[in-house]
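By letter and in written order, the chains are A, B, C and D; residue numbering begins at 1 in each of them.
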């Protein structure tokens, strides 16, 4: 019961004093690398408790997380919660729901576009959303200041269709069962099945989900940054006084020894999060990815086959977190052609599609954003013509990013590849 | 003012077309084939220079508007495809937004697409001078998502539902999109905005009517050496009958719909799944703005604003403008809404947006005495006004408050 | 009876300071070169947005030539380095999608004084494109 | 928590700069007062008030919106108020169809000299909205 939980005394002790029967966090060397905070509550409950307590104590002024909408509670949308009650067991917030109605990276960008919030705001987002946000920050579309980013080792999300026809709720038990075994439910989006980056990078706090057999009863929070540790520190309701549960070092020294976020956030995944389950899932998803990429219809014929049924709604662009331009070139005057243009094309080819620029739009968008494509899959999800946009974009993204040894969302201090260069490189390109 | 009144009334009177006669097009081998053959002949005889018509895409899983002048491409053309992937009005607008071209182009569209084109002309987003609009009695279209699941099966479903093209009472509207099921502008009579209309209703075996609806259309039939001498009584009769049933269906559906959407509680249930992708706006032929207000800087606010609103409500849905977007969009385009259903086709969350908008459109257009796409002459309702109208929205002034104020003072 | 010889259309984006000047001086010195390149002068090869290249291909070009100053000689110091990265990216996209146009995009450094080199680049590239024939993207209706 | 306190509506009062605002100035000159929770907002002409700006306050936190422009025939721009009337009719039709209380929007002409009428309108609308109660939209978190 949350009410009880709040009244529990804070049992913060040094990390070194963790009882030995717990593996994972406790098996680490006593000094600096201790980041796993083991809690004897389920992951869902832990999240609720943590967020509720953060709001209640005023440590954060708001929490961006998924929540139910509508009276029937049928819909799911991200919301900016300020009322701690939303995170009670019967509250509307559902922070860990495997569903992505929009890429929260875009939402965080919208929130912080005009500057960081005056008081901290927490956000519970998925690894790909986090990567997207890092890219957006690099593109000057948001700010990391005063944000507490909480993410989890992701078991994928369900396609939007499942949220519409109400199957989402029914599938959840299956989903969590699979996640516990470090597996993926086969109904999650193909993009997720093939996701190579399901372990969050740059999160202040990471909730371990994949392969956590006991995630209904206990969970581990990895405090990757000083910021993350500082926020969790003092959350009374989390570390319980039940035997065998680790808690965070309360002394400042212990906290300070955690990896610092100075000079930008960096990935500080330590060995303990790279569990066997995660590694297994990694290789499984790699196989999926290869199969998925191999299935892309390539060549001009392939493009026309794939994008022939495109209705030109540009929804893929609208939901794409990286496509932040307020006025896309393909919606601009540059793409509003005169009748003479169409007549010229008609003379040349004998026939011309109206509206034009179907494949041009896709290739042009690739040219503009593929170096930053995080492979979140929103584009496929939202496509009313069921075009596997994301598969194609990921495939190209991976290839193009490899050219520049770049990984979107890896490091906020890393320059965007098209904004930087090395004098001695790519000599083979110029002839 | 008198002048204005007369023109408006004339415009309104003109909106029911009753040409006494049409031409007959033999169609022993199927209506589509006959129609396409006729178009091919017209193209070969240089009656038009080019055609804008839905053509099956190479993957054979959908249709796209293609501007063509090579008659060979017409083989894969479909004058009445089972789906409406791109609203034809939008295609016309893309083609002619910068002015009339030099080529004479015949455009084959559904009636709702022709009405959208007319609205777009009034909104200065299209030019029809060098276009010939050709429409057909339309049974509706399938939901795009349903069709794409299995295009071949979809095409078969569409063909079956529309097997008897001559009797609307035989049309099975069940497989069609909800907004098509309640469409009462499926023919030309109430919105004679095309130049030629293919009347399948009430036609006899082995022939369909080609009905001239404008002097431009008459000239084409003349040039094609087609005598305009077939009486249209049976067509008019069938259309009128179907219009009545459809109008009744529409009224009933709208009454039922109102029950399910009115009030903030129910309304927010309708929009609870919305993901703010604005795809309805993107697909809508009337939403022509290059930069939509709802994607503009006007709604990009500092974090304190969002947090303050969240504080006030306990939480703030994010992105925060779901309802504002839908009502606001309605306030921008609803008077031109032709209930074409493009929005619903494009919605990834299956929100019955076209149905809601068709209800809003009917009522708003009724309030302002306007029919979207009804005629080129009638001015847009927010551009025109009458001095003596709509007094019901003016709040009458009652002196009672005056007295109170004096007492207070 | 002979079929008309295929004459490729190449769109050349030439930087104002180097390649364009080289082309100009090649013309002034009456060098012979194939009339295949339609020149678009840009202030810097770094000005060439990937969309320029795509739009050239999709609207009928058989080849695209981007030509600017040698590395280290850019009038704007680093524009050509950016151009090189963009070209690499475009080629990466073309290769991944197997659009068979990656060899139809050429990036060549030509300094202002290298008129003969410009002629050579145009001759070479025109020859290559002639060999490969018309671009597959050229006549496709459903683009 | 604040259930005990009397409901004090938040009202946006759009005033055209020639008549409505003039009315408020006249009211000020006569030392008439109107409820403090009525927030005046000047627009150049009611005809220049987009329909969205009537809807937006209702969703983002207001309990009512009232609009005052010149009397028919008095518009500084000749016909702005007639256009405004059509727009208000449109908004009211939308709100009515969606069951969102069109009575939260008022449209009443106030001339420059009619200070009393301005004050009365503010007071009367304030009472009217009080009777309607809080706008249900403004407390919903999922709009």
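Here, a residue touches a chain if its C-beta (ideal position, glycine included) is under 8 Å from a C-beta of that chain, and two chains touch if they have at least 3 such contacts.
Computed from a predicted model, the values in this text were never measured in an experiment.
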Two chains sharing the most contacts, counting C-beta pairs only: A-B
Cα-centroid distance, chain B relative to chain D, in whole angstrom: 34
Inter-centroid spacing, chain C versus chain A (mean Cα positions, whole Å): 40
Rounded Å distance between chain C and chain D, as computed from the means of their C-alpha atoms: 62
Chain centre separation (chain A, chain D; CA means) in Å: 44
Multi-partner residues of chain C (each touching 2 or more other chains): 141-142
Numbers and ranges of chain B residues touching at least 2 other chains: 57-58, 64, 66, 68, 73, 265-266, 268, 272, 310, 314-317, 320, 322
Residues of chain D touching at least two other chains: 141-142
Chains grouped in pairs wherever the two touch, ordered by label: A-B, A-C, A-D, B-C, B-D
Chain B-facing residues of chain C, complex: 141-142
Residues of chain A that touch chain C when the two form their complex: 296, 298-300, 302-304, 308, 329, 345, 348-353, 356-360, 363-364, 366-368, 370-371, 392, 395-396, 399-400, 403-404, 417-418, 421-423, 425-426, 429-431
Partner chain D, residues of chain B touching it in the complex: 258, 261-268, 272, 293, 309-310, 312-317, 320, 322-324, 327-328, 330-332, 334-335, 359-360, 363-364, 367-368, 381-382, 385-387, 389-390, 392-395, 397-398, 401-402, 404-405, 409
In the complex, chain A residues that touch chain B: 61-62, 64, 67, 69-83, 85-86, 92-93, 101-102, 107, 110-119, 121, 160, 163-165, 301, 304-306, 308-309, 311-315, 318-319, 326-327, 331-333, 336-340, 342-343, 346, 350-356, 358, 381-386
Footprint of chain A on chain D - complex, ascending: 141-142
